[in-house]
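Paired with chain B in one complex and with chain C in the other, chain A is shared by the two complexes that follow.
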Partner chain A sequence: MDKLLIAKSEPLWNTDKRIISLISGLIVLLFALPHFGLNSFYLHLMIMIFMHAVMAQSWNVIAGFSGQISLGHGAFFGIGAYATSFLYVQYGISPWISIFLGMIVSGVAAVLIGIPMLRLSGHYFAIATLLIGISFQVIFQRWEWVGAASGVWVPMTSGDSLLALQFHSSKMPYYYIFLVFFIITFFLVWLLSRSKLGYRLRAVRDDPQAALSLCINVSNYKIIAYVISAMIMAPMGSLFAQYILIIDPDRVFNIEISIIVLLITVLGGIGNVWGPIVGAAILIPISEYSRIYLGGTGGAVDLILYGLILMLICIFRPEGLISFFPKNILERKKQR
Partner chain B sequence: MKILSVENLSRSFGGIKANNDISFEVTEGTILGVIGPNGAGKSTLFDLITGYTKTDNGKVSFFNKDISGLSPDKISSLGIGRTFQKLKPFADQTLLENVMIGSFVKEDNIKKARDKALEIIDFVDLIEKRHHFARELSTGQRKRLEMARAMAIEPKLLLMDEVTGGVDQKTIPGLVELIKKLKKSGVTIITIEHNINIIMEISDNILALDQGKRIAYGTPKEIQQNEEVIDSYLGTVDAT
Partner chain C sequence: MISEIILQAMVTGLMMGLIYALIAAGLSLIFGLMDIVNFAHGEHLMLSMFSSFWLWSLFGLDPIFSIPITILLMAFCGVLTHYFLIRYILKAKMLIQICATFGLSIFIRSIAQFLWTPDFRNIDKPLLEGRLEISGMFIGQPQLIASLVCLVAFILLYLFVTKTETGLALQATAQDRHAAEILGIPSDKMFAIGWAIGLGCVGVAGGMMANYFFIFTDVGINFALFAFVAVALGGFGSIIGCLYAGIIIGLVESLGGLLIDPSFKLLYVFAIYLLVVIFRPQGLFGRY
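And then the complex of A and B:
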């Protein structure tokens, strides 16, 4: 009896002071960082890390939490990118509004794709999403109304404009916008992982048959995860479009986007809320530096490097780099 | 009051009639034991009742409501819990998390769901293992995990497939006590058992199957004296 009382008095999750102060410290540091005289390259590097961490987190929700491997997640990035650029160019709608429109369109697309596709089991879903990702690119390459292969050029405002989400004098505003999205996304996904929904998604991932015996409608939950995932991805497409101001199908529907989110997540730790941060913080600098030193797109060398990293991780650290952190600090449940 | 009624249930796999025209009823608050040699169709019967396998023919009613053809999640939502012969724990999650996934069915609040899961884990006597991953538990402990998880959805009817099979002999008395405790708490139980002593001890009624057919149905006493059961089943096992 008293053992039960002790168990009930345990905190619901880790309230370890060390981890809380570590996270708060990091947040403060990230907000202060641009004032330490970061040049524009480092600002760009940080922006890319924030963006890719969120994109990888999006993938983590569908693949890590609910166990469905999507290989076409770039589609939702592209939808987000086109939503803001196209609506601004065509109708003058502020990107701040169309970020949400892009999320809604992505969510609806995820429902429409998910209903037939998530009935397919594991590998077939992966293959189907790969083809969907590619077909989005092909459709946008041919679609005259949205600029076909030449894409959308967002007209530059004369100066910095918060309303038009364009900043030309410095990358700093972008840094803070991406940072805020990054923090909000991770906070919400952390809440998700601790909620009833999070528990049920992991049940679907670990054993769909057993989940069914616990009143869980497995196909509905897979679709819910897919929609959430798509809605996390879209705003990154939107912000990226505002960041570079010229988008085209080759860039925002690129298969590489679908691959890199997978790489980052697997590298950092799939199914772990913190995995995508670790993965992005390591892979993105590698990618950006290889672009510099190996020219243009980094040649094929960065791809070879990615492949090598992925192989090493799968062999030696299948739980990702996050597993190097002391477990009892990260998650209470792992203590004995 | 009749909680479950099964009428003329049939299901074949290729040429094998795994369930052949099975009928029986279960009264609320009782334990029905299901016996039969390997391959008799016991687990198939569970899969048919819980919607995991589609029926070829026949009807299953729960509280007089026809539930045949419903999906497994719908059927569990109505209040039918089950365990699996081939265990299906959420292996990469802790015992507590496994049971919480069940207790979230009736409880949205995470703290309340956690506390309820802890009470059930305490009920199955595994409180000290609550933070262990399911894959780290022994077979007997994983069977308790499945029972606890199924109990967490607060089922009115609980189907248990060989919870004493393949476990350490020492843990069997504990499992038997657990089933009795469960019955006292008001849950109706159908349990598949190979251990004939246990089944005689705990059951109010027994259903005997052989090669997909119902060969007997009655109280433990009646079953013990049934010629056909003795021939096909008890004869091959030590019945004392």
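And then the complex of A and C:
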């Protein structure tokens, strides 16, 4: 591996003390939250927020940092979901192992897709990924070995089982698992954004020609970003599959997944590490409540809102809602 | 015998290809003019099919006669799109432009689903029905007429862009909008005209397809995908390229479906797209 990829440009201890205390306070609060008597609906809401924040962060890495718009990111979510469910049903492999297998498969798929496609840029790449997302759905709908259109049913264990990652008595364990993945992902992406790799990706996004002239291999860096992004997405698919215990191509390869990650990131603030949290914390409650109060499936009220919000954000606040916060407060450095 | 089936598939593919070509021409015109890909193109196609359907179901107007109304409605829709959305994002980053038209596509599709439910509809007993038999080949009459109308519309569009004064002004704006403005061509007006014409093309295609295609809210997705591929294949912004690209896609789709497996049609078209953009990134007739 390239020696220059190792993070060293901004050491961690350079971060403002107040930011560190704010974030650690928030983490303690999130860990304590389920003990304040949240009912299972609120636990579900929080789980969905964590999951979508991580999914959006995955999209943020490829689109926000390296500037390539992927409209078919649901493909990696589906790969993750299929990896755990299928390996558990067919070979009895514990989901804890297959989460990582799913990540690896997803990463390999990203390399294979990325090598021909990331030579494209701009609209060509966006259209190609749109096609990829739909192709995966078509392939899995016809693929008999993985259950074709009826999908995979994960057999229920008799009680709660940590090994099989199934909990039937309470949503609490799921809450903590998603929370831990959420914190780890955001910490790693935050490190990434401060590392040389992060700066190089942004150089590729802002001016590929200038980046090339500084000996940054543009297409290699795009592929690295794509692989990282895919490997963040896959575990969420795996955990989601364990959370609902039944998956089918229409659910886990749905184009809606690709849409919602884009929407959350653009709403929160694209290219900003904290944008996806803001986006998910605002959008997921809107979506869940609109489903409760404005009619369920088929009405598509939540989708109308998504489309409207997306257009309004693009017109009035292309930097996302995070730009309402004071500038750079989240990235302020200690004065020396 | 087998060659007859292949010939039949080729004719079907050719007819479909002419429709793809017209849809793609609308997309390409808009792209060439202002460097914006209309990701809501499929939804506009869906709207034009629904317009044709409602004119038939509410006023008893046959799709053949309601075509002019559909075209006008779609052109109006294009002008609205320009004034309420596109005008604001002209100077934005490409990423924001993609997100905005993508948002428009979600919005239109879900509004349609909300108003009209996701049911499949079709037009009962249109004037154009039945099929012709030409030396052993069966050709659906509505399909034949639709592709011929699309071809005529395509030729008219081409003549309009290359021969008339407005068309030349459009081309000038596409090449350099600031230089065109200095020469007294208002680019804002040109963009609105571009959107009106681009969606007018979709109106023709959608109106003709309403004769024989199922009409439902997700109908546009596949057509839009093929239109994107056709535009990239023909070269972004090249209108004549769309004709050849549309025909190639139609042929690949129907021959691939016949010879290999019809459920993977999308994958064959996708493979063509990848091959072309990797080996000839500017497309077959690209300007760049």
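Criterion: the second predicted complex is superposed on the first by the 316 of 336 C-alpha atoms of A that agree within 3 Å, B and C clash if a C-alpha of one lies under 4 Å from a C-alpha of the other, contacts with A are read in each partner's own complex, and residues count from 1 in each chain.
Convention: a contact is a pair of C-beta atoms (placed from the backbone, for glycine too) under 8 Å apart; a residue touches a chain by one contact, two chains touch by 3 or more.
Just so we're clear, the structure is a prediction, and the values are computed from it rather than from any experiment.
Judged by the touch definition given at the top, the superposed model places A:K17 against neither chain B nor chain C.
In the superposition on chain A, A:P116 makes contact with chain C only, while chain B stays out of contact range. In the superposed model, A:I259 lies in contact with chain C only, and not with chain B. Shared-chain residue A:H35: touches no atom of chain B or chain C. Set against each other, chain B and chain C touch different numbers of residues in chain A, with C touching more. Within chain A, not a single residue is touched by chain B in the first complex and by chain C in the second. On the side of chain B, the complex with chain A involves touching residues 50, 52, 71-73, 76-77, 81-82, 84, 88-94, 96-97, 100-102, 104-105, 108, 110-111, 113-115, 118-119, 121-122, 127-128, 130-132, 149-150, 152-153.
Across the complex, chain A is touched by residues 31, 37, 85, 88-89, 92-100, 102-111, 113-114, 117-118, 221, 225, 228-229, 232, 236, 263-264, 266-267, 270, 273-274, 277-278, 281 of chain C. Of all residues in chain A, those touching chain B in their complex are 3-4, 7-8, 12, 194-196, 199-200, 202-203, 206-207, 209-218, 332-336. Residue ranges of chain A in contact with chain C, taken from their complex: 63, 67, 69, 71, 116-117, 119-120, 122-124, 126-128, 130-132, 134-135, 138-139, 142, 259, 262-263, 266, 270, 298-301, 303-304, 306-311, 313-315, 318.
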